[in-house]
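The same subunit A turns up in both complexes below, where it pairs with subunit B and then with subunit C.
After this line comes the complex of A and B, so read on.
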């Protein structure tokens, strides 16, 4: 049962930040509540006060500017999935959002909340890493921007000051001839492994590859060494390297054994998903749009 | 889950063994350990361990029992308790083996079998595994520091 709590409803980021500063660890920001309320019901978290930020206009909305996508922190997964702008310009993001958890979660769960809760078995962070996304943070005293990779500190921990609020996610446009794909696999509701790949390519020539892996370790991470192995090669050479790259990715992912599978199992899956994601992203990058099933609908 | 590590100190084995029975100094090496009480000397103790991962806090009152004490070679103890707030059981079986690598040098092998059951174990098993590994490593490092100079 959800324990009783007081509800604050600020209408500006400044006001919300002031409430956080005032109430400290006895209060927590609340948006979709899909993670927070579950943990509170289970007795794992206890707060005297929740600060509802869904009424703050500056945290809402999606906008495209100079090719970059501005996602307000309280944008829901469903909002991303259904946005014409996102589907047209960031199709992998729309696809990923369409397969987060279940429809009840997607309808109310927010992108900002997902990133801030930093549950290790989450989808968005991994894909956003290959987009080189950043987060806009604000508090009473000012604002700053942080690369998403620096935002994730550890499991359930992000680089927010006590009175700081994630206000938006900035997703830069991918370079020309680039496509991103996110694939995942899991037997439970949360994924065991998630792999995101962005490929910049012309027919038969791979110029650059970005790779990120999530769910297998406490935070999602870019795999720079793997990217180096796969970039600036002709496609047959890349394919010949994928087994080596997959093994390296599995190792670099620093998998941990948990209820979603053993570390060895996850490391192996990372390699399998890397190959699948590369092929899908490459086909999209060279303009040979694969079938719906091959577009990385979010499952391996 | 099983966590293992080892440290080597420039301290004779008997001195390391004596340190293990110096309860205040030893428990100071356990991250988050407080409110230590001796119930039966050299046999049973009570303590509270606190830990925090992100917003999640854990407070577990532990009953500690010495299962084996073979001086100055091997010490085995079991600590068990329940966090009432999250209805989770924590059980740790700790084995410390002292290997005399020279007259003045001892290698301390630390092994811990950690079991976490209940809501906590279900919702964050992977995190607990990593946290358990970190705690054992911190414990070993703190022991090393408390015992003096480090070798490895």
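After this line comes the complex of A and C, so read on.
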């Protein structure tokens, strides 16, 4: 049973922002409801009014322009997973989306909602950080763009003004010879640890590595120090550094102890997943995807 | 006075006009208003899949979906799977291959399987496992459930092939 609330159904961002301005903290935006309705059922959150933003055309849709992906805020995880454009140009994003929770959550849960709810145990934010994604925000008075890294403030807290709405997620193309990979581990419904890596490499030469961790700490974050350790090196040198980098990543992740495991356990897992993600991303970056490798053996 | 919404829902092929509160959940609409108790409420947090129904062909958790989202939509519950006395091929496969034990998860399993097979008529076992990951069986009869879905997929494919004139 949900506690009573009223429903508003604006058809423009301007109208939705005006409703937020008018009702303040007694109202909340509602899209997929996969996080919000659970919290309301548990009595953790209570609102007099939900503002359904799924009837706003500007918030819908996926488009590729100049190599960058524009994801409307109300795009569902399933929409990302099944989009031919996303699968072709941002395969790591499609793969990540295909493994969010379960198929029912993916059918209704939205990317914008996932980022705005900022539940620390989530997948998309971590991967989007290594894509250098940004978020488009709008309110009655205007619009701005914010790097995703600046958008996450804390657990369940993002840098949105009271009457501001996340309208889209912008994902720039990865540089040439770059592949991104997201790996996660968890025994519960939500992931315990998530690590995203983007590797720019030619055979045997790693030019740049981007690393982000999520789920272990209050917000997903880029690990700049770890990236510095791994970039601009030959592959054997990178591999020799991975243990040190993993340990650094584990401590830099600022893991917290919770139901998903102790901080020490999670910090260790960060190192393990970093090594796995690096190898996968490196192989993909130099064009040796597992399926290519299998085909190569078949014809040799 | 509380807000009341007037919506039309196509429930298992029949149109219903209902007045609902905005905070009514889909499972309350299905079980309490329509009396269709084949849809089960279990975890109530979108994890177990016992309340899986199809909304315009897509699987959703009725427990955590607001009823108004079914506005002008086609809703399929387990009661709408059989045609009169004739069971759906997925139902038949579950019965013949022991895809159910206590039966509590079965309505959700069958509806999720229907959505899967409409999207992917010839899935691999790995694809079935991935898609069905969010439908839990506490009797742990997963092997037979998987088998039932694979059999149903083959049968449905045959039916389609035989139905096509050029086949």
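Methods note: the second predicted complex is superposed on the first by the 290 of 300 C-alpha atoms of A that agree within 3 Å, B and C clash if a C-alpha of one lies under 4 Å from a C-alpha of the other, contacts with A are read in each partner's own complex, and residues count from 1 in each chain.
What we mean here is this: a residue touches a chain if its C-beta (ideal position, glycine included) is under 8 Å from a C-beta of that chain, and two chains touch if they have at least 3 such contacts.
Predicted, not measured: the structure shown is a model, and the values here were computed from it.
Within the superposed three-chain model, A:228 lies out of touch with both subunit B and subunit C [touch as defined at top].
In the superposition on chain A, A:287 makes contact with neither subunit B nor subunit C. Legend: residue contacts after superposition of the two complexes on their common chain; A:102 is shown touching subunit C, with no touch to subunit B.
Within the superposed three-chain model, A:61 lies out of touch with both subunit B and subunit C [touch as defined at top]. By the document's definition of touching, of the two partners only subunit B reaches A:154; subunit C does not. In the superposition on chain A, A:218 makes contact with subunit B only, while subunit C stays out of contact range. By the document's definition of touching, of the two partners only subunit B reaches A:43; subunit C does not. Overlap of the subunit B and subunit C interfaces on subunit A comprises no residues. Contact residues of subunit C toward subunit A in the complex are 2-3, 5, 21-25, 28, 44-47, 49, 52, 58-61, 64-66, 68, 112, 115, 130-131, 133-135. The part of subunit B that touches subunit A in the complex is made up of residues 1, 53-56, 85-87, 119-120, 122-127, 129-130. Residues 28, 39, 42-46, 118, 120-121, 154-157, 218, 256-260 of subunit A touch subunit B in their complex. Every residue of subunit A that touches subunit C in the complex is listed here, in rising order: 1-7, 33-34, 37-38, 41, 50, 78, 98, 101-105, 107-108, 189.
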